[in-house]
Amino acid sequence: MQFPSPVSIQWIAELINAKLIGDGSATGINEIHKVEKGDLVFVDHPKYYDKCINSAATFIIINKAVNVPEGKALLIVDNPFEAYCKIVDHFRPFEPCSKNISDSAVVGEGTFIYPNSFIGNHVSVGKNCIIYPNVSIMDHCIIGNNVIIQSGTVIGSNAFYYNTKKDRELWYKKMPDCGRVIIEDFVEIGAGCTIDRGVSHDTIIGKGTKMDNMIHIGHDTVLGKNCLLAAQVGIAGVVTLKDGVTLWGQVGVSKTLTIGENAVIYGQSGVGGDVEGGKAYLGSPILEAKEKSRELVWVKRIPELWEKVMGK
Amino acid sequence: MQFPSPVSIQWIAELINAKLIGDGSATGINEIHKVEKGDLVFVDHPKYYDKCINSAATFIIINKAVNVPEGKALLIVDNPFEAYCKIVDHFRPFEPCSKNISDSAVVGEGTFIYPNSFIGNHVSVGKNCIIYPNVSIMDHCIIGNNVIIQSGTVIGSNAFYYNTKKDRELWYKKMPDCGRVIIEDFVEIGAGCTIDRGVSHDTIIGKGTKMDNMIHIGHDTVLGKNCLLAAQVGIAGVVTLKDGVTLWGQVGVSKTLTIGENAVIYGQSGVGGDVEGGKAYLGSPILEAKEKSRELVWVKRIPELWEKVMGK
Amino acid sequence: MQFPSPVSIQWIAELINAKLIGDGSATGINEIHKVEKGDLVFVDHPKYYDKCINSAATFIIINKAVNVPEGKALLIVDNPFEAYCKIVDHFRPFEPCSKNISDSAVVGEGTFIYPNSFIGNHVSVGKNCIIYPNVSIMDHCIIGNNVIIQSGTVIGSNAFYYNTKKDRELWYKKMPDCGRVIIEDFVEIGAGCTIDRGVSHDTIIGKGTKMDNMIHIGHDTVLGKNCLLAAQVGIAGVVTLKDGVTLWGQVGVSKTLTIGENAVIYGQSGVGGDVEGGKAYLGSPILEAKEKSRELVWVKRIPELWEKVMGK
């Protein structure tokens, strides 16, 4: 999340009661997957100190004094996760809305919104859209022009992202999210889909992409232009689909990976790592489709092999 | 879609600015999967000319003058897809509805509709139904008697069907749909399901069929009587399930295929082609269950075979 | 279901027009999976007579006079299923609700309920909860404190549970359900989930458990504390997840089984039987993850084996 204007790091240090080493002004806050120059970030485990210190972020909330490169600053606190939450909650407090369409929402000309849909605070919906009944568009999301969203779909549900510690009564503590969902022009989203907002950045559906029903898109995931997703596809968080990717029905995609331009993934396949564009894939775990097809043939030859080696 | 009454083909030719060869009255319009005698149909790729010309359709919107059998007529235009869309839009214009239950909807005696459900234009709901909260039943759908629809379900979402051309900025253009969903008597549909309307014909759920939660049914798909579908099943478009078919949880079914009477498909299986009735199937891609079970045993024997052939 | 107070078995016998052998007071009614002492239960097929007679239940609705252990009673009727339904319908009649929040619902302090959500009869929602838009919480369900339920989720949809007889026109007759859903404190449930009520007992989500989007939980299933379920997981009925279980995306779990404490099931796996805790599993059908990984390697070695045995 970018702050509305740069915030003095001394002021932040006071807010979270941190010992400050360094100075400057923070322009935003992000979790480690999405940091930019000028950002606040947090780290609480020595295993990730290096990654965090050497990331693009400028201000590091940490539980130990460490050496940092020139131009970076440390905010030292006992519990960096809690400090991060406090900053996010300050800039994005829970803001209830009791109306179907919030007074702070903006809806473009020529857009029709059916009954029983909810448009939250600071939402922007473009021109010539159709929002079917029982859709929920949560706070801060941005919908482009000529977008169609079918019934029952949810845009901007919370990121599924938790701070995990198994030595306390409640293992999982919710990471408050301050990211958005951005739906670009000419996107069509089917019925019963769920698109989570980014933890601290944006989930983006690229121009002209078409999604069938009951598709789940995780936090901070970015879909390119002209992608085609069939029903019941599930994509985890922080995934990148380049332009022109096709996913057939019930495909599952693991987190933090990239699918190359114009790749095609056949139905029910499971994508566990990066895949190159321009090819077709199949299986769970996936292989290139022609390789997987050969494998299926080889499996059918085992009995013949057995008979040759072992006899009848 | 059948027209309310036959329409002079000269009138249609004027509407879409076509050169007309032949005459007569069209009784309806359908895309190629579902054409009947008297129908208008369109074709824009030479690869499909023959299929289209020799289909049951009587009036062919096409981008070239070709020979047609006796009794058929041609409507020649530069862009047959756009012409098709124009006719559909004329007979099924977008008709917004700002009420929870449209004034043109008909609801039978003894039916209870919970709050926050939406019943669109020209919908008919039969007698003694229960429509739970947050259900959306879109325009022109027909619900029989003694039907139960659980919360959050969507009946009549748009078909996921696009005209594709990868040489323009927007690859996918929505095919406007004019089909319906027909739910027969004694059908029960779980929570969070989505049933797409037909592109130009009807999606049908047969009498006494029971569907669990989060099931997706594609456009123009026809389910027989007394089918049983477990949760998270996904069925693509233009599929036929004969009577008494059972699909277990998370089964995926590809488009334009037929599953025979009383077939049973076990959980997570993927059906990629026609399957005979009266048998049980398993796997992705599926095999007959007993064959698949044997295959799983063969795979486990590879190490033994390896040791025999290759040594330890 | 427990009755509000014990009910004379003579009164029940009259209600269902049964021949009574024995006496006493029934404290509740349950289907065979969940019976307790003092319960009524029904059985209509000789194959299940023994299981039912020797269950914890005290009062057996049956279609034949049989010997029962000391202290049990029989209620003999022609159609035990219909008799069971009659009793359930008497104690849990269909009770329509035309308001977004029923007058008999109780909502705790500090809880915010967004527009277009439905809270049914006799529902209890605890303190400091957030119920997002377009959520449906059906009759008799109990939501704890500090619970978050994202948009479009359905709590307490009907159990998918039918009496099946293939020699009548309608094969499947709905078993009326009288169970509840109980969501314990600090549970978070994603968008577009569906949690079915118990047939006669309770579906329970344990304290601190976190569920992502589009998860289906079947009737009478019990999730332990601190479980973590990723998107599009489906769990059938009468399943037990012990504490600390993790299910990755699109996992499917079959009915009436138990997953042990701290087990981890990787994405798209299919769980068909009980699995021990403390281990990781993979595949459909699942194996221990390391065993499945070895199997995938063995399959890739078939061509080498073939060449050695058969020649090029």
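So that you can tell them apart, the chains are marked A, B and C in the order they are listed, and the count of residues begins at 1 in each.
What we mean here is this: a contact is a pair of C-beta atoms (placed from the backbone, for glycine too) under 8 Å apart; a residue touches a chain by one contact, two chains touch by 3 or more.
Since the structure is predicted, the reported quantities are computational estimates derived from the model, not experimental observations.
In degrees and to the nearest 5, what turn takes the CA positions of subunit B onto those of subunit C?
The best-fit rotation has an angle of 120 degrees.
Same residues or different residues: which describes how subunit A and subunit B meet, taking over half shared numbers as same?
Mostly different residues.
Using Cα averages as centroids, what's the distance between subunit A and subunit B in whole Å?
Subunit A and subunit B have C-alpha centres separated by 32 Å.
Please set out, as single numbers or ranges, the residues of subunit A touching at least two other chains.
116, 134, 152, 192, 214, 232, 250, 268, 284, 299, 302, 305, 309
Which subunit A residues qualify as touching subunit B in the complex?
Answer in residue numbers: 112, 114-116, 130, 132-134, 148, 150-152, 186, 188, 190-192, 207-208, 210, 212-214, 226, 228, 230-232, 244, 249-250, 267-268, 284, 296, 299-300, 302-303, 305-306, 309-310.
Which stretch or stretches of subunit C touch subunit B in the complex?
Subunit C reaches subunit B through residues 94, 96-100, 116-118, 134-136, 138, 152-154, 157-158, 160, 162, 166, 169-172, 174, 192-194, 196, 214, 216, 218, 232, 234, 236, 250, 252, 254, 268, 270, 272, 284-285, 295, 298-299, 301-302, 305, 308-309.
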